[in-house]
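Provided herewith is a single structure, encoded as structure tokens, for subsequent inquiry.
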């Protein structure tokens, strides 16, 4: 039960975040193409954040699938992750409405980095609670993909002040590496039976 | 479990979309009929989108009822559908607040069309994951209703620039064809035992 | 499953409605009592609507407890109810921000009346789907409380144009009659075993 | 079922509250550090309220874990708690946007105090419904932590008009005492088997 409620609560928060972000796509006053143009960067930033939140939901889901015990520490590590994710709509809108200016673009990376760190902390907390024969530890292994993502975010943050589009390119690339379907799943392995490595993010 | 969480997440997103749309019905400053009048088109657009989202929720529900396996591909196809649905509040408000101007009316159709395509993709992904004896494929059959809806949306989009009310009439007509109760269900067949053909949309 | 998902979706919509209403309590610019004063009627209107939505959630919950079959008609009757409930935040804010002016107060009653009618329709749809030995029909009996509420709303609507405070008094009174705990439940009868008469509203 | 739905509804409301609070972090117009500065107090107030709502979610969860019977009174006591919690976004924003001015800071404490009282009422209602051998009563014992929190809130409210930062310090301290992990849980006791004392808050 505890696990179900943790999942339901997390799903609720992520579902709301993904949805209220769209409220930043403020309805323009005019009704021609001209009126729509300033919304293009906002819409693209929304798309990117939608994908990031989708990835988190996806991976969170797989991670909890391999989790059997929920301790008080896990509950708080999960809330910590949700806190960073909850800042996504703010940084998305700030970056989108300012034409990807350096500071907003860097701050977007900060939220991505902190979310990734929070995810890793949650993962570590669950593994520690599971003890030596942790199912999750076996699935995650060395979590190279997760670690690489964090390094890339850390690089993208200062880069935003030099070449902001490089930072954006990094964010998009990281998102794509997580989007690409896991081969084992595509091969038709049922998620129910052999959960995808509940990797970082 | 995976399926439950997919349903819960989708329900959450659709419930939020259907509800935050109403926030676009901004409270007028006056308190007489005059103050209410500009809200009429917004309210009608809201009603139409409420019905569309209700249809999607309904059909999504039936489709997943006939689904046994959730693969990684299904998760992403579902998020793809939710992305297009999440644009509904924006286009609804834009169309409603601009007296059904051509471009907003066309864009409304674009979101409807993309949502319908995303729904079909999700359906195809589930059927492919189910293999040759797919329960869903048997229920959907040739999905004439779904295909016809997409054709009508595709016609309505350019029409908006010529006769915008014709486009609106098309949107309303498509919604009505999905609203009309399925005869088998009305005949008292229990949904639990013989699910309604989980058709497109 | 169908029933669970119907409940979850309805709970989601009502939870969101009850929560986004509070967004209409706009943060004032000043920080003294003076700045807070205009919010008092809005806050009271919010409290009243919170109670109404709470009553609906409560009764919806009891009604579905006595429901075994969900047909297509039930799904749509439920969405119809949710549509009227979704207008609550709008009329609440309009009434609250206009010092309970006649038209907003009347419209508040219209939404209450339509919600009550929609609830009754949903109840009738479920009873018809259950057939002659309907558990719900036995529990509802003649539904006097529900019918009386509708009559009172219908009286309150025109009254708003003559004595608006009388209308408000009627709304408050109806809410109170539904709030008063059901004696059987207070007597300690477990809800699980002998559900409270799933009455109207 | 009744209990599940009560939990799901409460989770939904708390998830939405925690998430819409972030909407008060309004996107600034500029894109430099200067533009971000006025948001710092709002962001800190948001962080504090996020933690408070997280604590409530956590404890609500533990409390219901030790609950077997849901009566009509419990349903309403729960809605009463949700009402006070629903005012959190408003007071958070008011305090944050006014640089922790006396009145908003006091009102923040009023909402904390009323939420705490509502939580205690809910706890008492559940214990009374459980009868003499209440599992929850055994777990809560004398609820010193809960009582102390309420006393501290009651002290912080008038203090806000004299030394507002002292009030803030009290709020932060109370939050920390609830955040500190429960030693028994940290010792690895499974939540599922021996639920943490479902304490007040």
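Order as written gives the chain letters A, B, C and D; numbering starts at 1 within each chain.
One rule holds for everything that comes next: a residue touches a chain if its C-beta (ideal position, glycine included) is under 8 Å from a C-beta of that chain, and two chains touch if they have at least 3 such contacts.
Keep in mind that what you see is a predicted model, and the values were worked out from it rather than measured.
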Per Cα centroids, the chain farthest from subunit D: B
Superposing rotation of subunit C relative to subunit D, computed on C-alpha atoms, to nearest 5°: 90
Interface numbering overlap (same over half, different under half) for subunit A and subunit D: different
Interchain centroid distance [CA atoms averaged], subunit B/subunit C, Å: 26
Interchain centroid distance [CA atoms averaged], subunit B/subunit D, Å: 37
Multi-partner residues of subunit A (at least 2 other chains): 8, 12, 16, 20, 23
Chain contact topology (line, ring, star, complete or other): ring
Pairs of chains satisfying the touch condition: A-B, A-D, B-C, C-D
Complex contact set, residues of subunit D against subunit A: 7-8, 11-12, 14-16, 18-20, 22-23, 25, 27-28, 30-33, 36, 47, 50, 54, 57-58, 61, 65, 179, 181-182, 185-186, 188, 190-192, 196
Residues of subunit A that touch subunit D when the two form their complex: 1-2, 5, 8-9, 12-13, 16-17, 20, 23-24, 69-73, 75-76, 79, 82-83, 86-87, 89-90, 93-94, 97-98, 101-104, 129
